[in-house]
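Chains: A, B, C and D, in written order; residue numbering restarts at 1 for each.
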């Protein structure tokens, strides 16, 4: 089973949220299990897209309470690890798609690139090594080609 | 969604494996997501039981490779944390069922009891605080009553 | 540099605290860096003994605040990992001395034995694999012989 | 006791290594415990500087073996957590000084900024939020003023 991590900020504008939801839909249609940090913003929008297609979403939560997961997380994993859970998202994902994002997302991008995982970027940090995509479709196409 | 962790040794005798498979079946029939350490023995038998009923199994693996998961793990989470992943199994589970088991299982029992999680025991360590069950049916009945 | 982990409950009676302090003194005199969980009870008493001999104490704290360390921790490491820090105490120690203790200590004993580390016990859990010592002197003598 | 994390790549050029050693010397003279990832390059150079002044160095190693620490680590903490130990370096440090560095350093910078820790940068990544220093002296002066 292929897994894709969708990473991005808990607060994001409408454009990024629509992009995340579309990425989620496309990943689910292509058979990916989608892994996120389980909270709001990009994480929630991507999970909502996956659920709309009947896919599976895993939320690796920073807290130790399932109640903190957004309603589209089917498998909540409360880690109690705080930001350390970012590293687990990277480890659990075959590939990562970064959508917007702030420092937390940057830490995930850096950990992924450090450990040799591919990161596809949509309107995110400009860091050498990120593979830039131009649209949700483009991002998921790239992910499929890379795996 | 209710989650139950099934913990026990990677090497176990036939009697324990049959017990674990039965526990897995009953948990799935009662709507639990089943969380294990993702490897062989009790972990695999319980997951096989869950799959036989169409349920969902999560495997929190000690290594960083999905390939180490047994074939009945539907959601593999390679953590790369070694035995530290035992603590994540405890955190991610609403309740734990311990079947047989050696030192790794003992660490999970102790962490669960330390953090106030209920542990139901089937032929496992004799540690004060464990709720002893007499059969797979009894164990899952107790789990349902406690949640 | 040799490291010894001293594990035991945050609440302990006078007898155990005196034992822990004596163990700390003897470990320091024999050149061990002493690692504990950094909080009160056995952890604090052992650290006090080390400091009385001018030794070095490391406290691997469950919280993310150095302010939670007892006053005898020279090197506080706030991990923010909660009970998961127990596993780090085990990993960071060449050998463990368990003094009394409840479920947290039991988890450390189990993780140590699971990963092949020696555990010397003073009035602690009765778990196969623990090497029982009869006094603080005996415990530290055993530690020195085993390393 | 004040702690400073010195972060940077395991492979670095002579200029960065001299900078790291000087930072280590100045931190030790000003009473900081210095925390690094315990390996080579910037981590080793900074630790060497600290030791030259009789200070204390902690190495939070990614592996589970003390033997992987550079010779200037006085307190080796083998975590076995891989790159996840980067997050522990951030948590254990009151302030961070980044010297050069690649993806691992970037992950530490991002985690620090995400969790509100100050990061002082010397020839490192250009990330908003980093406080740029012009020399080793300047970096340590800034660290002293910020704490």
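Everything below uses one rule, namely that a residue touches a chain if its C-beta (ideal position, glycine included) is under 8 Å from a C-beta of that chain, and two chains touch if they have at least 3 such contacts.
Values in this document were obtained by computation on a predicted structure and should not be read as measured data.
Participant: Please indicate which chain is farthest from chain A, where distance is taken between mean Cα coordinates of the chains.
Facilitator: Farthest by centroid: C.
Participant: Does A-D or B-D have the larger number of C-beta pairs in contact?
Facilitator: Most contacts of the two pairs: A-D.
Participant: Counting in whole Å, what is the centre-to-centre distance of chain A and chain D, each centre being its mean C-alpha position?
Facilitator: Roughly 30 Å, centre to centre.
Participant: Based only on mean CA positions, could you tell me how far chain B sits from chain D in angstrom?
Facilitator: 40
Participant: Which residues belonging to chain B are in contact with no fewer than two other chains?
Facilitator: 64, 80, 82, 84, 88
Participant: Under the stated contact criterion, what part of chain B meets chain C in this complex?
Facilitator: Within the complex, chain B contacts chain C at residues 82-84, 86-88, 102-104, 106-107, 110-111, 113-115, 127, 129.
Participant: List the residues on chain A that touch chain C in their complex, please.
Facilitator: Touch list, chain A to chain C: 64, 80-82, 84.
Participant: Mind listing the chain A positions that touch chain B in their complex?
Facilitator: Result: residues 1, 3, 33, 56, 58, 60, 64, 66, 74-80, 88, 91-92 of chain A touch chain B.
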